[in-house]
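Can you read through this structure? Questions will come right after.
Chain naming follows the written order as A, B and C, and within any one chain the residues start at number 1.
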Amino acid sequence: MPALISQIESILFVASKPLSIKKIAKVLAIDEDAVEKELKVLQGKYDTNSSGVVLFQTNSEFQLVAHPENRTVAEHFIKTEISGELTRPQLETLTVISYCGPLTKPEIEQIRGVNCSLILRNLLIRGLIKEAGTENNLLPAYEVTMEYLQHLGVSNLAELPEYETLHNHEFINNTLNQIVVGSEKE
Amino acid sequence: MPKELKLEKFEGPLDLLLQLIENEKLAITDVSLSDVTDQFFQFLSGMDENRSDELADFLVIATRLVYIKSRQLLPYLYPPEEEGLSLSEQLKFYKRYADASKFVEKLWGEGKMAYGRVEPAPVLTGFTAPQNATAVELKNSFVLLLKRLKPINPLPEVRIDHTVSVQQKIKSIYESLKKLNQLSFKDIFNSDSNRSEVIVSFLALLELLKQEKISVNQKNSFNDMMINKV
Amino acid sequence: MPALISQIESILFVASKPLSIKKIAKVLAIDEDAVEKELKVLQGKYDTNSSGVVLFQTNSEFQLVAHPENRTVAEHFIKTEISGELTRPQLETLTVISYCGPLTKPEIEQIRGVNCSLILRNLLIRGLIKEAGTENNLLPAYEVTMEYLQHLGVSNLAELPEYETLHNHEFINNTLNQIVVGSEKE
C-alpha cells in the first residue's frame, strides 16, 4: 500500500477540481486530521519556485493547478490545441463524420482503423462536432455542428464536393460491416 | 510412428515449432528442427480449415524445414556457408519474446492503472474556425482514406493436403524396390497425389540414400534418375 | 519569467494527454534538446516512492499521471473504461513492440513468423499501439501508446523486466536485416 500522502496527491491530481478535506477523508476512510496533516506536507512540497504545479487552498478546499505565472504558456498551449490547424488524423476524422455522420466512436474507429478518443475530444472542444440526439442508441453518435457547416460555406452536408459518391461509398460500408466479424475473430 | 501429441493451441508456425521442440525436451538446433519436421507436417495437414489465412506462413516455415532436413541428410550437396538467419536462430529469437510476453501478461493482469487527469474543457468564447478544414480539404482527405480502405485483391485459395509421413513413404518405396529392384525417379512421384506428398517422397528418398539402402544413377542431365536397391 | 522546467511542468499538467518533445518545443518556441534535458530532470523529481504523481514516458511522448498503485482511490473521481483481456497473439505482438519498437509490420511479422495485419489493427483500434511519427519511411512503424503504459503501470519502457537484454537494438537491427535478406517473403 502506498503512503497516505501519495494517495492524497493522486486524488487531487485526477479530481481536477477543488476537494474538501472532508471529501478526501471520506474517500480514504480515514480521519480528517490525518488528511489535513498530509496536505500541509504536500503544500510544502509544491511551494518551490521551480514547481510548475501548485497546491491551491481556498477556505477548506484544495486543488492542484498549474503555476499561475505559467498561465500564459498554458493558455497558449490550450489555444493552439483548439484553434490551430487540424492535424491530418483530426482532419480525416472530421471528414468521416462530415460525409458519413452521424457515427458512433466504434464506427469511426472501424473506418479509420485507429483509436479516436483523443481526437474526438479535441473536435468536440473545438466545437466542430457534437453529439447527435440519438435516443435509441446507448452510444453517442457524432455529427458536425452548424457553426462548422457555416465555416464550410454550405447550407447542408449534401453540398459537400462529390457528396453523392462519397457519402455511401462501398469501401466504407464494407468496412463498417466488418465490425461484427472482426470482433469475433479476435 | 510419432507419438500422439497434445499441444496447447498454437498461434503460428514458430509457436508450433517451439512447442514441438519443447515437447521433446530438445534444445533449439538444426538437428532438433529436423527431428520434428515430420510432426510439423502432421499438424499442417490436420490444421483447422478456418485457419487458411495463416497457411502461407506455415508453408514458408515448412519449406525451410524441408531444406534443413535435406541438408542434414545430404550435407555435401549444400555450400558450407549460408546467407541470412537460420531457422534455429530465428526460433531462438522468437522464443525470447514469447517468453517475455509472460511479463507483460502479468503486469496487465495486476490491475494497476495510472490515470491521467482530465483538464476541464475550456469555455469557448464563440466558435473558432480551424485554419484548414475547408470543403475541398475534406474531400481530398476522404479520397486518401478511400485509397487506404480499398480492398486488396484476395490471394488465390490454397488447400491443405493430406500428407503421409516420411516413415510411411520410406517403407512403401523400399517395399516397391524389393519387388522391382529398380524404380525411376518419375515413377515414385507419379503416385503422389499432391504437392506435400511429393515433398515427403523426396525426403524419403534422401533418407534412404543416407542410410545407403538405395543408389541413384543418372546418365545425362535432365534424364530420369534410376533408383536401385543396394 | 518562471524557469523553463516549471513551464514544461505546467504544460504537461494542463495538457492531460501525452505530449511529444516536438510539440512542447513548438509551444515554447525553443529547442527540442532543451526540452529533453528538462524532461529528464522532471522525471527525476517525480521518481520517488511517495509521489502521487508520476511522469510516464513512451518512446516519444510524456504525460503526468496518478501513481498506478493508487488506482482504487483515483477511481472515485475518474470514469473508468474496462480494458478487457489480451489474447495470446495480442500479448505477443505487444511484447515485441514494447521491447523493440518502433517496428514496421514486416519486422514484427518476421519476429513472430506469422501475418499480423488483424492483430495490429485491433491493437490500433484499442489504442494500445500507434503509428510512430516518422514520415520519412515508406512503411509505418508502430510503437506502444501511453494508454498501454498506463495500464501496465510502468512509467517507462525501460522498467519492463529484462528490458536491457531484450531491447538490444544492434542485435535486433542485425537480425532483422538478416531476416529480410534471408527470406524471399516481402
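Heads up, the rule we're going with is that a contact is a pair of C-beta atoms (placed from the backbone, for glycine too) under 8 Å apart; a residue touches a chain by one contact, two chains touch by 3 or more.
From a predicted model like this one, the values you see are computed outputs, not experimental measurements.
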Hey, which pair has more contacts between C-betas, A-B or B-C? B-C
Identifier of the chain whose CA centre is least distant from the whole-structure CA centre: C
By mean C-alpha coordinates, which chain is most distant from chain B? A
Take the average of all CA coordinates in chain A, do the same for chain C, and state the distance between these two points in whole angstrom. 20
Separation of mean Cα positions, chain B and chain A [Å, integer]: 45
Please report how many Å separate the Cα centroid of chain B from that of chain C, as a whole number. 31
Among the residues of chain B, which ones contact at least 2 other chains? 115-119
Show the residues in chain A shared as contacts by 2 or more other chains, in ascending order. 10, 13-16, 78, 113
Enumerate the contact residues on chain C facing chain A in the complex. 1-3, 5-17, 27-28, 49-53, 64, 66-67, 69-70, 73-74, 76-78, 87, 89-90, 118-119, 121-122, 124-127, 130-131, 145, 147
Chain A partner contacts - residues on chain B that touch it in the complex: 115-122, 124, 127-139, 141-142, 144-146, 148-151
So, in the complex, the side of chain B touching chain C is made of residues 11-15, 53-54, 56-57, 60-61, 83-85, 89-90, 93-94, 96-98, 100-101, 103-105, 107-108, 110-119
Could you please specify the touching residues of chain C with respect to chain B in the complex? 13-17, 54, 56, 63-69, 71, 74-75, 78, 80, 86, 88-89, 91-92, 94-96, 98-100, 110-115, 146, 149-155, 160-162, 166, 175, 178-179, 181-183, 185
Give every residue of chain A touching chain B within the complex, in rising order. 10, 13-17, 78, 82-86, 88, 91-92, 94-96, 98-99, 111-113, 124-128, 145, 147-148, 151-154, 160-162, 166, 169, 171-172, 174-175
